[in-house]
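Below: one structure, written as structure tokens.
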Amino acid sequence: MKKKFWLFPLLACILMLTGCGKSLSDQSVLNNAKQANTIVWGVKGDVKLFGLIDVKDGQQKGFDVDMAKHITKHILGPQGKAEFVTTTSQSRIPLLKNGNVDAVIATMSITPERKKIISFSKSYFDAGQSLLVPKDSSIKSTKDLNGKTVIGVVGANSVENIKKVAPRAKVIELQDYAQAMNALKSHQGDALTTDNGILFGLAVQNPGYEVRGGTFTVEPYGVAVNKGQTSFTEAVDKAVLEMQHDGEYNRLIKKWFGDVPGFKYKELYRR
Amino acid sequence: MINIFSKFSSQLFVGLGWTILSSVIALFFSLIIGTIFAIMEVVPSKVMRVIGHAYVEIMRNIPLLVITMFFYLVIPMYVVKINGFTAGTIGLTLYTSAFIAETIRSGIQSVSGGQMEGARSTGMTYWQAMRYIILPQAFKIVIPPLGNQFVNLVKNSSVLAFVAGFDLMYQANSIASTTFDTINSYLVVGVLYLIVTLPISYYMRHLEKKLG
Amino acid sequence: MQNWVNAFSWLNVRFLLMGLWVTIYISVISVILSFIIGSILGIIRYSKIKYVSAIVGFVIDIIRNIPLLLIIFFTYFGLPNFGLRPETIPAAIIAMTVFESCMIAEIVRSGIQSVSIGQMEGARSTGMSFVQALWHVVLPQAYKNMIPTIISQFVSLIKDTSLATIIVVPEMMQHAQVIYGQNANYILPMFAALAVLYFAVCFTLSIVGSMIGKHLS
């Protein structure tokens, strides 16, 4: 990364010359990845347990990132390289559509609206939307949200969901989960809503806050690719299935979610 | 583009309303605060001058985003709850006040030379001379560029999007992520920003030509 | 107090300084590029070349009158439509350069105009061509007057790089957010650090600017 941006002016020129005219939908992402022996993944950088930037080395770390690394090896072989681009809930779809990344594995729920413009693999993780509140909060479930302020993140479908479940709640959208969590701590809202896995990650970092009310939606996370890249989604599905059979999948679940208090990680095991 | 505009026009106009409201409030208060600190920068008292100078330099050399986020995330954690719109408007006010203070200060200094002594010799106190002789002339220099300050405020108010201030940029983010039509969503709000800023900019340039 | 000690652990400080380095890197390249491009655009706009100056002027006005955030979005999400797919840092550099070039162009145009009124005719009457008069007589004086304004525009550029955090550019604001994202107790120390570091960089440049200004006048 660091070395690369020295080359930027040159790179820009080359990209300008070579990039023009290529239509993304005509190219097979899978073939390109095999040729380059690299898959470029869009991952999160602000979500503990799934994709969080580590201050030690500036790398993204989490379940999604490990999944991406393993899937890459399954598709390209042991020498295959996985590259990572940090995305946010807001930027992941534009970056995918624009071809900045080959695939997105970033706590992204498979939804009918999204399926209209991009394709998904089969679900690789089953989350559900829930609420994070201070331990002394009176909010027990989504029923108590009317008239309250709920914090969400720009680009997350949890914002749309909460508007349906609690139409009289006021919803504010922040840029990422770090801002959202701090806004909750600053009493800018009464609850933070998103998928339970993300919320448990935040609860681990922030004693005094807990996940409440169980899940009120089903959020199957999928690997997203551009429309028409069925060879890639099939390869991902096959890789995930292989990982489930040889226990890799469960080891990753245990690695990331085994120590999370209150999270029944064994329910996520797949065989 | 047209589709997005017609489908989300009410949301967009609400955003535009908050953007303009925030900019107007910030312009009003930054003019007051800017004037106060400009005077502090030129009074004989050294302590006041240092304070005035320190304020201006601090606000001029720290990013608006840092100031705004500070009021949104940090102040509520330790002092008092401030919502996104207010935090953003406070940030804009403090940031802009430093630039206005600089303009007014140079306005004061460009007129004050002999005028202050002249006024004092007629028996006026320092503050009377400042109030009736110096400041009116300083404002004459400062008022025309205020239009440009307002344009800057409208543009800068987009930081409200970082703190859920419901402004135009916040609505754009929200529309872009529900329609997945990123570029067109931002093009629409770009046009809306221009509808506000461009006429003011052109009018200010016309004014400058006429005066200069 | 313990929060402050923990917040400024070596790892966090190093991470923050890595962000500062990216901030400076983006700023320096954008300053150089926008000074050159902005000067060219400003001169074109002043020169009243048929059609060209008017079009350049219109584009400059458009860009000067929309928020920088929009330009960042257009660069990062829009350029790929034209086959250019910049990473975050180059995207930030392009966005800053486009925006600041237009700001500088306007400064240069009005700077030239303010000295040129008498000077241009004087120089032309001695037999110089328009370009000669511009290059040898008008521009040197214009730039002398413009330096303080240009420097304060560059201070704005450095401050504005913080907006690039929205596309996850690994600059100082983004890195501070990552650090206080892991522990909300670090938020006050991180904002203090941001204020001090941005102030240090910008104020240094301001001082240099006013020194150059004094030296020239």
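When the chains are written out, they are named A, B and C in that same order, and each has its own residue count from 1.
By our rule, a contact is a pair of C-beta atoms (placed from the backbone, for glycine too) under 8 Å apart; a residue touches a chain by one contact, two chains touch by 3 or more.
Remember, it's a predicted structure, so these values are computed and weren't measured experimentally.
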**OP:** Would you identify the chain whose Cα-based centre sits farthest away from the centre of chain B?
**Re:** A
Subject >> Chain whose Cα centroid lies nearest the overall Cα centroid >> reply: C
Original post:
Between chain A and chain B, what is the gap in Å from one C-alpha centre to the other?
Top reply: 38
Subject >> Whole-Å gap between the CA centroids of chain B and chain C >> reply: 19
**OP:** Indicate the whole-number Å distance between the mean C-alpha point of chain A and the mean C-alpha point of chain C.
**Re:** 34
Original post:
What are the residue numbers in chain B that touch two or more other chains?
Top reply: 73-74, 77, 161-162, 182
Subject >> Residues of chain A touching at least two other chains >> reply: 94, 175, 179, 182, 185
Original post:
What positions in chain C touch 2 or more of the other chains?
Top reply: 77, 81, 166, 184, 187
**OP:** Within their complex, state which residues of chain B touch chain A.
**Re:** 72-77, 81, 83-84, 161-164, 170, 173-174, 176-178, 180, 182
Original post:
Which residues, counting only chain C, touch chain B once they are in their complex?
Top reply: 61-62, 64-70, 73-74, 77-78, 81, 155, 159-160, 162-163, 165-166, 173, 184, 187-188, 191, 194-195, 198-199, 202-203, 206
Subject >> Complex contact set, residues of chain A against chain B >> reply: 89-90, 93-94, 97, 113-114, 117, 154-155, 160, 172-175, 179, 182-183, 185-188
Subject >> Residues of chain C that touch chain A when the two form their complex >> reply: 11-12, 14-15, 18, 25, 76-77, 80-90, 93-94, 166-168, 170, 175, 177-184, 187
Original post:
Given the complex with chain C, which residues does chain B contribute to the contact?
Top reply: 57-58, 60-66, 69-70, 73-74, 77-78, 151, 155-159, 161-162, 169, 182-183, 186, 189-190, 193-194, 197-198, 201-202
